[in-house]
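Each chain carries a letter (A, B and C) given by its place in the written order, and its residues are counted from 1.
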Amino acid sequence: MTDDSRNNGSTRRRVIAGLGAVGAAGVLAGCTSGGGGGQNDNSETSGDDSGGGQSTTEGTPTPVSADLTLSGWAANNEESALLDELVSNFNDENDGITVEYNAIQSKYKQKLRTQLGAGNAPDVFYVDSGYFSSFADADVLLPLDDLAAADSFNTDDFFQPLLDAFRHDGTLYGIPKDFSTLGLFHNTAMFEEADVGVPETWSELSDALSALDANVSNENFKAPMIEYANGRAWWAFLYQNGGQVLSDDGSEAVFASDSGVEALEFLVGLKEDGLLAVPSDLGSGWHGAALASGEVATAVLGPWGLPFLEGYENNPDINENVDIAHLPTPSDGERATIAYTVSYSASANTSSAAGSKELIRSLTSDEGMAQWARKGLALSARKSHSELDYYDEHPRRRTLLEAGEWSHPFSFGPNSEAIANRIRPQLEAAMLGEKSPSDALSTAQEKINSEVL
Amino acid sequence: MARSDYEYPGYERSGVSYWSKTTILYLLVTAGALWMTLPFWWTLTTSLSASPTAATVSFIPAEFTFQNFITLWERPDILLVRWFLNTMLFAGAVTAFNLTFDSLAGYALAKVDFWGREKIFLGFISTMMIPGMVTLIPVYLLLVELGWVNTYQGLIAPLVAQPLGIFLLRQHFKSLPSALGDAAKIDGCNEFQTFYKVYLPLAKPALATLGIFTFMGAWNNFQWPLIIANGAEMYTLPIALFAVRNQYFAEWGLMMAAALIIVAPVIVAFLAAQNYFIQGMSLSGMKG
Amino acid sequence: MATEPLQSTAERTTERLRSVLHNLKGYAGITEDQNNLMGFAFIAPNILVFSLFLLGPVLFAFYVSFQEWSILAGAGEWTGIGNYVDVLEPLPISYVDGSLQWRPEVFMDPSTSLWWYSLKNTFVYAIGTVPLQIFGGLAVALMLDKRVRLKKAYRAAYFMPVMLSGAASAVMWRWFLAGDGVINGILPTFLEHNWAGDPGTALGGVMLMAIWGGIGSNMIFFLAGLQNIPEELYEAARIDGASRWHRFRHVTWPSLGNTNFFVFVMAIISAFQVFGIALVFSQGGPVYATTTTVLLIYQRAFEEGAFGEGAAMAFLLFLLIFAFSYYQYRYREETEVDY
């Protein structure tokens, strides 16, 4: 009967797949067991030379032997291809250490958290500054102070705000792998048409946007500026205006101060005047697409927008027309921007602390980070790299890199996500006109102070 | 063989009343079917277009190209063949186990009187009322203890007996007359033979339904393989949908192409199973 | 007169023990005509898997709901019903000045209590989708049960949305419903609206997508159920002169009783647990408009690390769903005809 043939079909499939499973098991078996030898932290930290090498130093050099797993999310296939390359270079240069790279395609934070909780985590992995503190607080990360203290590693070369983002209770638990900041992307051709210069203060920005609104004749043009309904730029404006999200000791939320409310009123005001549009009012879903298609003239955006603009085929001229400037500041405020940064961290349960540190060191050393930076996916976390040739050729990225000096990481203590989750809907409510800015912010602040902190 | 309420002897297939009702019927059914399938048509045209922007969707692709599919094939981080095989094994095993175990359990819960039957039944379906994500963590911890993380058995085992199947089959068996089973027992069958020879063949529509739903559920499940797999070799096909999703913007053509590749085998399975959905129950065994 | 053989003490004791055991079994509900061994043998594999991978984890989650448990750090402070209290406060009913007062604003404003607001969203979603999914599926099943040409093609067409994974369809529909999307392109200008980005209509967008994707599966269930209705019943009804509507009401609908129970309970369970499509479509926004209860649990438990609170919410939701389903179950028990 036909029933039987169906069963046979699935049995056959299972046999074939079963053979595949046996093969896979064989391959995988070798990879995750940690080789135990050589837990010699001393030999590892003194005398590191950049460009990866055995941890041979003065004293007794004991080669580190380990099988490590490295995990990260795959922002796009270029990033994972680059990491594959760096990892295989590392494997070649370090005989004793074998690193396997696994890209986690989705829900990275959940998966990593689950693995750390179950004691089953990779050895080295990305940690976003947003949830970094909650991990460090739970004692699942390996302290990296000795790595940072090594002379040749030169931690002074890092932008301090980025390093501080990965300190918890004074100990360093992660080395920044790269970062992004927000800058003011603008379409120079449209600015010329409206006869406006690059704005440096908030009021200049409003004026520029009004002029653009009146004068730009592009057929796709819909609004001078785009911003998400949840007001991503507000976070930067808050700091520029002298405000903070949390109090200095992190025990209470203080963003609903006058500084914060003014910043939000500025943003909401732009929307009410028709100078700013949210993606659902436009055809494009995000800032990069809006700029590229000519629907907007400016956007507060980060370096991830550049590969899109550079590769935009429907409008090849757009790339020459878009330039980046530092964010405009309020008249009595200071320069500030938001830094989105990610670290390489190691699990406290790693099979080889020395090996993990060596891998991190190699990836974030002068040479390692320069290689990463040259791909243009994000910015190098080392200050000295602004002198690299790469940034001569890509001055827009250099502008964003410089802003690292006065950037504030998007990170608010061990309850970062709970805080951001409660602020963003209120920002949305204000931007969509459902609530006044001061109502929105004070509701969020009150919720956070009562529920979270 | 006349089977539905409409095909009886003497049913008039002519006349105004017949034609007007039939036309309305066809119109309604077709309108609904269009609503169901038009999005797929757009998915198809998008996957065959070269880099469509978000706003333009048309019935005919502006630039017809297979590039999206070729890109998917060539991308080194998307192991199409491997993932396809993994998913086949996963979905196939889960379906096979479920069909077996759930039909046994459904039969017992419907036709065998044993102590605690109703309470156990309620217990089974109660677990469906807890969101799966809450049980995900304890199951993962258990699998870590068993050492089954990143293995096929770890992937398959928790899904091997699902309350949905037990529920569906219990209802189906309940709606079959007990008289059949009594007759079989009088003829000397024991419980298992009654099940296997009398009731199971009559459950083909329900088995086909359960089969297709289980297969589809396992096929489209990306959350569980994502958690349990530690490397690209163990991923299943739906993860391709995320692999093409650039963190910052969506490449619609690639995504739609991936969605089509993922859904194609399910469509094939459904068409194959369709034959079993409709099978009239012949009561000739009851007469006499 | 037959002489009865005298019973020895042992035999009498044994008999008395047996009768005691028999009475005990009677109390527990074990009766003579039960086939316990076979029954348990049949469900043994399911019981095993169920205990390991379903019941065990559920009990673990229940245990965790009484603590402040985080995935990373494991067990935290034992709070007893503290999590439950935190979730349920403020209640929509309050006792003021000696009388009960109804506070509907708890449901309307997400800032007062996101739990009750999300419950409201979930209810609205359920009321909006369940009847349409069920009766739509039934109608299509009835229509396609007749001799319609290309029946198989139609059935495949209606089932196609079900075959697409939730994530893919949510992405697709968000694209269609965007301000500049296809739907607005088709509608006349005065009806154009920002469906996905407006807090008032975002949930409607999710519901539309759910109905689109839900009719097909119910259609299949009903088709399977319709197969079991014997032809003879229809014939008898026709002989008695019943009209088409009467045949449906008195033959089809009651015979579908078992299927109905299944479809209703499954529809309630899925509607109350809606999560994936809301997450992908609009991440619970804008301004909490599409935050359903399970999405809230996801945020609390997985994003914010408050797993104990998430587990407490999950059990409260379970109680609600169970209440609905148990009511259905008792209704079926009373009206069921076992034949």
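Going forward, a contact is a pair of C-beta atoms (placed from the backbone, for glycine too) under 8 Å apart; a residue touches a chain by one contact, two chains touch by 3 or more.
Because the structure is a prediction, the values reported are computed rather than measured.
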item	value
Chain contact topology (line, ring, star, complete or other)	complete
Pair of chains joined by more contacts [C-beta pairs], B-C or A-C	B-C
Distance from the mean Cα position of subunit C to that of subunit A, given in whole angstrom	39
Mean-CA-position distance for subunit C and subunit B (Å)	17
Subunit C residues counted as touching two or more neighbouring chains	71, 178, 180, 302
Multi-partner residues of subunit B (each touching 2 or more other chains)	54-55, 137, 222, 250
For subunit A, residues contacting two or more additional chains	110, 114, 117, 283, 285
Contacting residues of subunit A [partner subunit C, same complex]	109-110, 113-114, 116-117, 134-135, 137-140, 229-230, 278-283, 285, 415, 417-418, 421, 424-426, 428-429, 432, 434, 443, 447
Sites on subunit B touched by subunit A in the complex	51, 53-55, 75-77, 85-86, 88-89, 92-93, 95-96, 136-137, 140-141, 144, 149-152, 222-223, 226-227, 230-235, 239, 242-243, 245-250, 272, 275
Subunit A contact footprint on subunit C (complex, rising order)	70-74, 110-111, 178-180, 194, 196-199, 285-288, 299, 302-306
Subunit B partner contacts - residues on subunit A that touch it in the complex	2, 6-7, 10, 13-14, 16-18, 20-21, 24-25, 27-28, 31-32, 69, 73-77, 80-81, 100, 102-107, 110-111, 114, 117-120, 122, 283-286, 288-289, 293, 304-305, 308, 313-314
Subunit C to subunit B touching residues, read off their complex	28-31, 33-36, 38-40, 42-43, 45-47, 49-50, 52-58, 60-61, 71, 136, 140, 143-148, 152, 154-169, 171-173, 175-176, 178, 180-182, 185, 212, 215-217, 220-221, 223-228, 230-232, 234-235, 238, 244, 247-248, 251-252, 255, 257-259, 261-262, 265-266, 269, 272-273, 275, 294, 297-298, 301-302, 307, 310-311, 314-315, 317-318, 321-322, 325-326, 329, 338-339
